[in-house]
Amino acid sequence: MTAPLLEIQTITAGYGAAPVLHEITLSVPPRTIVAVLGANGAGKTTLLRTVSGLLRPTSGAVRLAEEDLARVPVEHRVRRGMAHVPEGRGVVAELTVDENLRLGGLFRTDRRDARRALAEVYTLFEPLARRRGHAGHQLSGGERQMLAIGRALVGRPRLLLLDEPSLGLAPRVTAQLMGLLARLRDDTGLAVLLVEQNVRSALSVADRGVVMSLGRVVREADAALLRDDDALRHAYLGF
Amino acid sequence: MKRYLWTIGFGVALFGLTCLLPSFQNYQLATVAAYLCATAGLTVLTGQCGQLSLGHGALMATGAYTVALMQSAFENLPLSLVAGVLVTVLAGAVIGVAAARLRGPYLAGVTLAVAVVVPGIATMFHDVLGGDQGLTFYLAPPPFGYDFPFERWQAWIALTAALLTMLLLGNLAASRYGRAFRAVRDDEIAAQLSGIHVARTQVLAFVVSAAGAGLGGGVLAVLALSVSPGAFSLTLSLFLVMAIVVGGLGSLAGAVWGAFLLVALPDLTARVTEVVPLSPALAQRLEGNLPLAVFGITLVVVMLAAPGGIQGLISSALTAKRGR
Amino acid sequence: MDRIVFLTVDGLSRGAVYAAMALALVLIWRGARIVNFAQGAMAVAAAYAGHSVTAATGSFWLGFLAALAAGLALGWLVERLVMRHVGHDRPLNAVIVALGLVLLITAVLGIVYGNEFRPAPPAFDRTAGFAGLSPYDIFVFLSVAVTVGALAVLFTRTKAGLRLRASAFAPEVSRLLGVNVGGMLLLGWVLAAGVGALAGMLIIPTEFGLHPNAMDRSFVVAFTAAVVGGLDSPLGAVIGGLAVGLVLSFVGGYLGDQVTPLAIIVLLLAVLLIRPDGLFAARAARRI
């Protein structure tokens, strides 16, 4: 077993007095997709925000490649190889597709590779190349999701934090997206922490699954096991 | 009922106090009372209803000029003050109707424009308003004979106005209108959903606070026995905002603190500069500007460190004590 | 006919300065959602600094540069020491703090320099020449055009510009992408204060001279210009500035100078009540 890329250790976090997350512990090894599942209000988005540093945990630790991130500000985490694609609002609507993508590589010092990464994203997401000059708000839901993920990939992350990428997408587009994640994992060794309400899609590509309920991890297992666990599905995932 | 008893009690105490104080202190007390009319009005608008006005100096000017003109024409003080309030209410209603459609920085900008532009009107209508020189007028001697100190008489006029203002605004804050003000301040949409007519409420708040400013300006004119545009510059408007913020937004008690500070701080800085030996030129520059600087710093520091103002600090100290 | 030419040129020349000031307001509004009510006072402070340098060195241009530098420095100070720490729970907070700064800056200038008007002679001749343009008008147009052009290039063609725009539109996402949003905010304040200082240096010589309150009215006009253009739109600010300059010039020319103050209020109210988002506001981009 390789050392985990991301380690979340007994973190408690929230907004104001009442914590949303209670002592969450989980880890993501490299070249692995971990799906975080659970109903609305389970704390999935809060978990991602805590990992990327938008929210400060009241206790516990987040480590990336064995480095404690407590003192690493949000804007420096992307330099450590962490990319967070937030739910829904990831695309800067006022900027063009090209500007959005370039924004994803601005932090990089290796200019040449940043340009190469940008070109790769355009190859990967054909529709974006055709809409380079369009403003973010002119894109369809699927294109926006592509743009948000593509922008993260321009930074060549080791770890991708994805928040509800299937939200508002047609099932076919969702399936393509999940296929892409699997391919990135296999080809580049990308690790993904995938928050999803669409359990079926998420478990179709995930290696591991974590079920959250009311801010706690209630179950953690191989994705294949969760797929077949009827009782769990009924109790927490509702299908 | 309790409020009326308090007011009468305060009134008796204050009127008694004027008999003990020397005339200069009485004059200062009267000035505090005049400012209090305006700061209490502004507190209703900004603190309770959530609309910032930078134009209340201009509204005070409206009241002051009306009183000056009415005094010159009729020499009837109650009539002059009532007219001052009414004319200012009218001006306030005009601004208020526009203001009810504006939010945040836009409202601040419009009222700032009013504050900057209005003093120029005195020059525009030079023949009636006396231009930069302003107007002077005459106030009948107190009805208690010529021995009665004139400053004490002015203090009585100002205190009556201030007590009346505080009583009325206190009643208003406790009434359903006061609740509507606060509801609109906290959440316009929620207020609307609970059946409050938001625009009408905001106009009402503006009108009420204009009345306070008009009365305050009128009383200030009665104290100086003159009016001039220089007395009602943008700085006065900013002073009023400073006063209610530092006193504590939203509570009428904060307005009292604010009015007190408006008189006390310049006095204090003047005393400090008197003690320190300075060249006459520097002393002259400090005289007008040091209070301004102190006000400015106070405003910034209070907003950064204690947005609740003096009254907020007192309240939290009291609750902390009770909580123990 | 001559009169129309004169009023047009004079209106555009003043309008260009209002445009620069409005642009400075827009810069800060876009980044921080704050209308910097202290901008006029900050510009006056910068102008006084330039005045001192000119008095000490005898060189107008050294003073001019010093004023610009002072403007930039003041923007840096105000953001770092004050505005950064303002609570965001009420939108009034920032306005009130800015007003506190107005009081403070005006008072300090009054203490250091006195409250008398000081002569601030224009750098070039103001008598009209070819096509009604005076050398000073040309200087104003060139300065403002260069500034606006430089800002346009900075914002649309450079990496810093992309960062500035991104952090203004979507601060949280920008942080996630490694943009130092706090730094961009600071940069916005510094740039805006620099542009404001330039505007002050251009307009003060055309009025009564240097005084702690010299920019009060100009600030109100610039605010009007920014509102006319829509507080979110840099292009709108430039057009709004020119338009407001023209309107005020013609009102002053045909109805008398005393009327211009009232015209400012009427114009501001009319725009706010008819088109509160500004006449030239880009259609608000749909948020996703």
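Every chain is named by a letter (A, B and C) in the order it is written, and numbering of its residues begins at 1.
As a convention for this text, a contact is a pair of C-beta atoms (placed from the backbone, for glycine too) under 8 Å apart; a residue touches a chain by one contact, two chains touch by 3 or more.
Please read these numbers as outputs of a predicted model, since none were measured by experiment.
> Compute the centre of every chain as the mean of its C-alpha atoms, then state which one is farthest from the centre of chain C.
With centres defined by C-alpha atoms, farthest from chain C sits A.
> Which of the two pairs, B-C or A-C, is linked by more C-beta contacts?
The greater number of contacts lies at B-C.
> Determine the centre-to-centre distance between chain A and chain B, using the mean Cα coordinates as centres, and give it in whole Å.
Going by mean C-alpha positions, chain A sits 56 Å from chain B.
> Roughly how far is chain B from chain C, centre to centre by C-alpha average, rounded to an integer in Å?
31
> Just give me the whole-number Å value for how far the CA centre of chain A lies from that of chain C.
About 43 Å, centre to centre.
> For chain C, which residues are in contact with chain B within the complex?
For chain C paired with chain B, touching residues are 29, 34-35, 37, 82, 85-87, 89-93, 95-97, 99-108, 110-111, 114-115, 213, 216-217, 219-220, 223-224, 227, 231, 258-259, 261-262, 264-265, 268-269, 272-273, 276.
> Help me check something: in the complex, which residues belonging to chain C touch chain A?
Per the touch definition, chain C meets chain A at residues 159, 162-163, 165-166, 169-170, 172-181, 285-288.
> What residues on chain B touch chain C, complex-wise?
By the definition above, chain B touches chain C via 46, 50, 52, 54, 98, 101-106, 108-110, 112-114, 116-117, 120-121, 123-124, 233-235, 238, 241-242, 245, 281-282, 285-286, 288-293, 295-300, 303-304, 307.
> Using the touch rule from the top, collect the residues of chain A that touch chain C in their complex.
Residues of chain A touching chain C: 52, 54, 74-76, 78-79, 83-84, 86, 88-95, 99, 102-104, 106-107, 135-137, 144, 151, 155.
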